Structures are given as structure tokens and as C-alpha cells.
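Inspection log for the structure reproduced underneath, given as C-alpha cells.
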Amino acid sequence: MPLDSRRICGPESTQSPHIFTVNKDIKSDILLNGERKDGRKLDQIRPLFLRPGLISQAKGSAYIEQNHTKVICAVYGPREVMRKEDFSMKGQLTCEFKFATFSCKKKRQHQQDAEEKDLSVQLLEALEPAVQLDKFPKAQVNVYITVLQNDGIALAASITCASLALADAGIEMYDIVVGSSARIHGDVMLVDPSEEEEYRSQDCKDVNEGKVVIGLMPSINQISALTSKGEIDFETISQAIKTCIQTCQKVYPVLQNALVNSVKTKT
Amino acid sequence: MAGLELLSDQGFRIDGRRSHELRKIQCRLGVFKQADGSAYIEQGNTKVLAAVYGPHEVKGSRAKMLQDKVLVNCQYSMATFSTGERKRRPRGDRKSTEMTMHLKQTFDAAIITNLYPRSQIDIYVEVLQSDGGNYCASVNAATLALIDAGIPLKDYVCACSAGFVNDTPIVDISYLEESGGGPELIVTILPKSEQIVFLEQNSRLHEDNLSKVLDVASKGCKDIYAILDRAVRDHVSKVSNVANTTE
Amino acid sequence: MADVNYSEAEKTFILHGIQDKFPCREDGRGCEDYRHMEIETGVVSNTSGSARLRLANTDILVGVKAELGVPSPEKPDSGCIEFFVDCSANATPEFEGRGGEELATEISTVLSRCYDNSGCLDLKSLCIIPKQQCWILYIDVLLLECGGNLFDAASIGVKAALYNTRIPNVTVNQEDDEMEIELSDDPYDVNRLDISSSPCIVTLSKIGHYHVVDASQKEEACCLARLMMGVTAKGTISALKKEGWGSLNPESIFDMMETGKKIGQVLNTSLLNVLEEEEKSGNKRKTVGFLK
């Protein structure tokens, strides 16, 4: 990874102190007596706060907050394609996903690392099917996502946030993409996992540990994004996908409401 | 080099070759279907793949286009697992860039470039396993690939290296012999006209010995030419046989 | 992706072929058939393990190198694997310079996601001294020619190369507080990796209303969305990823997953059979590499 020479960076090989704290009770089990640590039910999602249109310079923007997960998104365009090689008769969408340097437990670099690049691609693939790209030929729309604080499911929150921002920007879409995630932990399924509950390969030893993230367009019932991690049984993973779909359906009216409200306040 | 005798008193080298002996060469033309021409060569443990695309329209910036002749575009890369210690990048480092440049110069001299003005020929070389003589194997592989692609050449381009140990010139040196620190001479010739298209020498060698080493290396090139020529003839006759039987 | 522009008519032809369910695909395959595959292990002697896979026109060379390193503080008691994919310009001129990087990172992230769980490969056995020394497996995938379905091919190549990997035995000598590692000189005193539960990727491409496995380059050009699955021999799924600019109906996703699981299990077992068969022929086998 080439380092940014224009900024003064800390030493290259620092480690977060959190790695060395031996907190066995967190590592041992994510459930306390069959209940989640923050007191939620297994299928209960965290309270959702949505606010479209808060960045005034951007064409469209949105902010999402789910307890400690905070994501902000700005959308610019449609605007001219800068590079001549990128010319195409269809509209183009670009996504840039970035964790703010202070957003995670470990410090993030100023430049995109491999994980952020991967998330950018996933986000792009989640949004592309929803956007009517043929409406803005020879132009592009840029989506910039910044995670301000990461407390689990940054990708799912970003999908929701970005599609809200696209809608706020007035980009024509077939539907809003709603993201949701589930953590699979043995026989139980934890919807909308927090950072503590999220899947980390090093802590898990058994089969059926993992996570699923989906992006759903609820009114046309199409899945635009689907990723999973961890070794999971076929039946369990199908069940998890179904659960995620249900969660998306539940969240959908909230999104619609937020958009309608924002339009009302604008006029 | 202490403790390592590159040439024994009986005149044998570490891998059992005599001083004038080449390593075993095996090659094959037409390895890939998509490339216009491709070839694979094994020189001992050095294994190289080459692919040729073109002649085609100049890609990228128009400024590179040449009005009177074809643009020869080369890329030399080494697989990250090709060397003893893992390489971090397959290309882009100084050595690969230099190699790319050498290849370009070599083939600029060998291809009949004025036949295709305002076009481009790509030569891509990939070293899969390296055991000395990477440049030589690359040139030989690229020649075969160019022939497979049907691009008019002035002649075969054959490259061979030579070293100088205990007052004896040794031909086609391996990695071990290269790293011994002795002189290394790399020659690329067009065997029929005996013209030298590329010549490089590393480390110190007395002037009196230069012609001796050069002779040995040129001889190596001609031997390689014989092998390449046979491979090409075999390949062509095989291809034409297949064509005849299918007709 | 190495894009080739196909005409609308050609795309429609392929689409109709699959829709009509008549021998179905442009090359006469059924929807769930793989193309001819050739595999050979131990082709690069500089590596700890290597394999070359040719799936129709797709040509992939995988080299595994085991090197000593320090375990990451997050996993102090296990070794690491690192994937690196290089798209050689040999495959297509578009990959020249940094042109292939995008595709390369895509392949390497999917691969590392497939292996990012404790079940697929026993990384604990790669640890030598916890917190101090471990084996790092560098898995380098070299893409030499692309004829479609690169992800499946890469994963099969990786699995074969891991099967072929031999890691020298080490002994740890403790002297006072100093740990000393001694590497065995004997080339036969080696450890093998257990790959019985490593995944293979199965990519299902949605073309029209049907899905096919092992899409050729032409079919990939017609495909709107595809689902990549890392499937182990047990039938568990180690990674799932939807790709492409189309979206999928939930029902068809479940259908595709069903097919993928079935195909993946067969693929895993037949791969293992082939590898064991090759192993049995032992030293007598002559490596052909690219000479055939």
C-alpha cells in the first residue's frame, strides 16, 4: 500500500491497543444467556435515524444513524465524464467508500485500503441495478460514502444511505435499495449486528458462523446485492437471506417516509 | 566465490555440463488460442512464455504512433513466484523496465518495421521460472511467438549468454553461475547475417578475452538457432498436416 | 474484464439457445456442464506448490510460496495466507501495465473471502511459535489467458496448488530464552496441507430466465448478473457474492444457490479424485507444463 507522502502519517507499523486487551467474555460468546448484549431481541433492529439533503453543496445527500453506526453520503452529478476513455452511451455510476480515519477501533489510513476498495465495488454493484442509467447518457453520477463511526454493518447502512442520497439528488431510479445484514451464530440469527456481534474469522471455530449482507429493492422484489462471509450451511444461509429480506421490507416504509418528509420541508 | 567451484578440474560445470554445452531447450509454438502468436520455451530451468498481438491500430495515446514504421511495444514481467525469493511485484520495478527496453530495442532491429506504418505490435513476455539467462530465453521465446504470429522478421533473433571462469569461456550460464560475480556477456544475433543486435557485458573482463567469450556466445546463438528452426519447421509441418487431413 | 464486443444478434442467439433448453448452449453443453478441464500440479520448481489449470481457453498458473514471518497480532497463534492475482498481458493487451489490476483485485478479494474462515484451511498448523514465527503462504495466481469463468478456474487452481504444497518441517530448539528454528534439509521431510474442506468457487450466470455454470466469454457478455459461491465438499457455503449490473429475484437466487451447491460438491470430489490419481503416478509422471 503506497503511503500518502503529503500528509504526516504515524509510524507504519502501529497496532491498536484493543488487540492486546484480553477480554475473554466478549470473545467467548456474543450472546449473554441467550440474549443480546444491548438488550435487543434477536430479530430486532436498532433504531433508525434518517436525514436526506443535509449537505448543501451536493446534488443530493443523506445521513443515516443506527445507534453508533453513522454514515454520511453525498451524490454529485450527472456531470460530464472527465476521462475520454470512459465514454459510454449509458450513464455511469461511481462509488467511493471511505471509513473516516477515526471511525473504527483501529485507525484507518487517509487513502483507500483494499477493504474499502472492495466495499466500493460492492456498493456500486448494489446501486447500479436500481439506477436508470440510460437517463443520463455520456454522463456520470458520483457517490461518496463516508463512514463516520462504525458499529457494525457499515455496508448495509451505506447501501440504504446511498440510495436515499440518490433519490434526494433526483436521479431516476427503479426503486430504493435497502440494505440489511444478519449475523449467523450457530442456530441463532442476529439481525442488524453491532460491531461486537459482527463476524470475525479469527474468533470463530465452527461451521455456521458468518454474516450475510443483502440489498433489496422492496417494491419490485429484486435483490441487487448479496454477500456472505464465513462457512455456513446451505439451509441456514437461505434462512438468513429470507430474514434479511423481511428486515428490508420492514425498513422500507421508514425510508419512504423520510423522503416524503424531506420533500415537504423543501417546498 | 568461496567453496563453490564453477568449473571443475575435469572441465565440468556445477550442473554437469561442459563449458561449451547449452542447457536443454524445449519449446512449443502456438500455446494460446487468443493471442495472434505465442510460444513457450524452457532453457534448463528457465521457463518463459511469450505472446504477440498485432499488428493492430495504435492503442492509447496517438502521439506514440510512428508515421514511417510500426511501433514495437514490449512488456517484460516476471511471475511473483518465479524467483527463489518471492517477488513483490511482477513488473514495474527497475529491472523489468530495463528488460522491457532491451527487448524493444532488440526487436525494433529485427522486425521489418517499415511494412506496417502507423500500427503497433505488442510483445508480452512472462517469465514463469527464472534460473539465469532470463533475457536470452525471453528473446528466443518472443522470436518464436513472432514467427507464430506471422510477422516478417529479417531473421531469427537468437540470444545467448556466456561467462568466463578459470580462463575458460562458458556458454549459457545458469543463475548460480550468474551470481558468482564473474563476467557475463549477453549477445543477441541475427544468425544468418551474423549481425549483432544486442550486446551487454557485466563485470570486468580483460580485453584480450573478450573476443573469445564473444565467439563462444555467438556459437551458442547459432546452436539455439538450429533448435528454434527445427521447432518452427516441426510446428509448421504439423499444422499443415492437420490442415490437409481436415480438408 | 477482457471485454469483447459482440453484436446484438450474436447475444440474442446465445440467449435464445439457453432459453429454448434445446441442447442449449452455443457449444452444445447443458446448463450445468463444465467445459473440458486439464490440471497439472508441480509445474514450477521454485515454489512450495504449484498448479496449472486449463479450462477450455482459460489458462491459470498458481504458485504457492511458504515463507517465514511474524503472525498478525489479531491471530497470534495461526499462520497467514495471502492471495495475489496477476493478470498477465499475455491474456489480452488491455492488461498491459496496470490495466489488469481491477480484475486482479476482484479475484483476489473473492478468493480471500472464501478462505477467510477457520474451517477451510487449518491455519493453526502453520504457526511455529505463537506471536513470533509462523508460515505465511503467498498464493500467487497468474492469469495467462482468459476464456471466461475466471473465478471458478482460479479457485480450482488454488486448491490444486495447495494440495501440491509441501512445507518443510521445522523444529524449535529452546536455548535459555532464545527460540531457535531449525529447518529440515530433507526434501521429503515435509508437511502437507489438508485441503479436504477447502472451497471451490462456482459461478452461476443468469442469462435470460435461466442460469448456467461455467459461462464462456461470449456468455459472460450476455449475462446480467451472476452469483459466485464458495462451496466446500460438505456442501457448506463459505462465501457468496452477487456480481454484475443486474438484479436478481429472491426465488431465482435460491434456485441458483441450490444448483451451485450441487455442482460445487461434485466439482470438489472430482477435483480431489483427479489430484489423488495424479499423485499415485508419483515420480514416474513427467511434467509437461506448457509443452503439450
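Letters are used for the chains, namely A, B and C, taken in the order the chains are written, and counting of residues starts over at 1 for each.
Keep in mind that, in the parts below, contacts are C-beta pairs under 8 Å (C-beta built on N, C-alpha and C of every residue); 3 or more make two chains touch, one makes a residue touch a chain.
Computed from a predicted model, the values in this text were never measured in an experiment.
With every chain reduced to the mean of its CA atoms, the largest distance from chain C is reached by B.
With centres computed from CA atoms alone, C is the chain lying nearest the middle of all the protein shown. Mean C-alpha position of chain A lies 51 Å from that of chain B.
Chain A and chain C have Cα centroids separated by 27 Å. Averaged Cα coordinates give chain B a centre that lies 31 Å from the centre of chain C. Partner chain A is touched in their complex by these residues of chain C: 73-75, 78, 105-106, 109, 113, 116-120, 225, 227, 232, 234-250, 253-254, 257, 261. Residues 15, 19-20, 114, 117-118, 121-122, 125, 128-130, 201-202, 204-207, 209-210, 212, 217, 221-234, 237-238, 241-242, 245 of chain A touch chain C in their complex. Taken in their complex, chain B has these residues touching chain C: 26-28, 31-35, 38, 40, 42, 45, 47, 49-51, 53, 59, 73, 75, 77, 79-84, 86, 90-91, 122, 124, 126, 128-131. Here chain C touches chain B in the complex through residues 44-47, 50, 57, 59, 61, 63-65, 67, 84, 86, 88-93, 96-97, 138, 140, 142, 144-147, 289-292, going by the rule given at the top.
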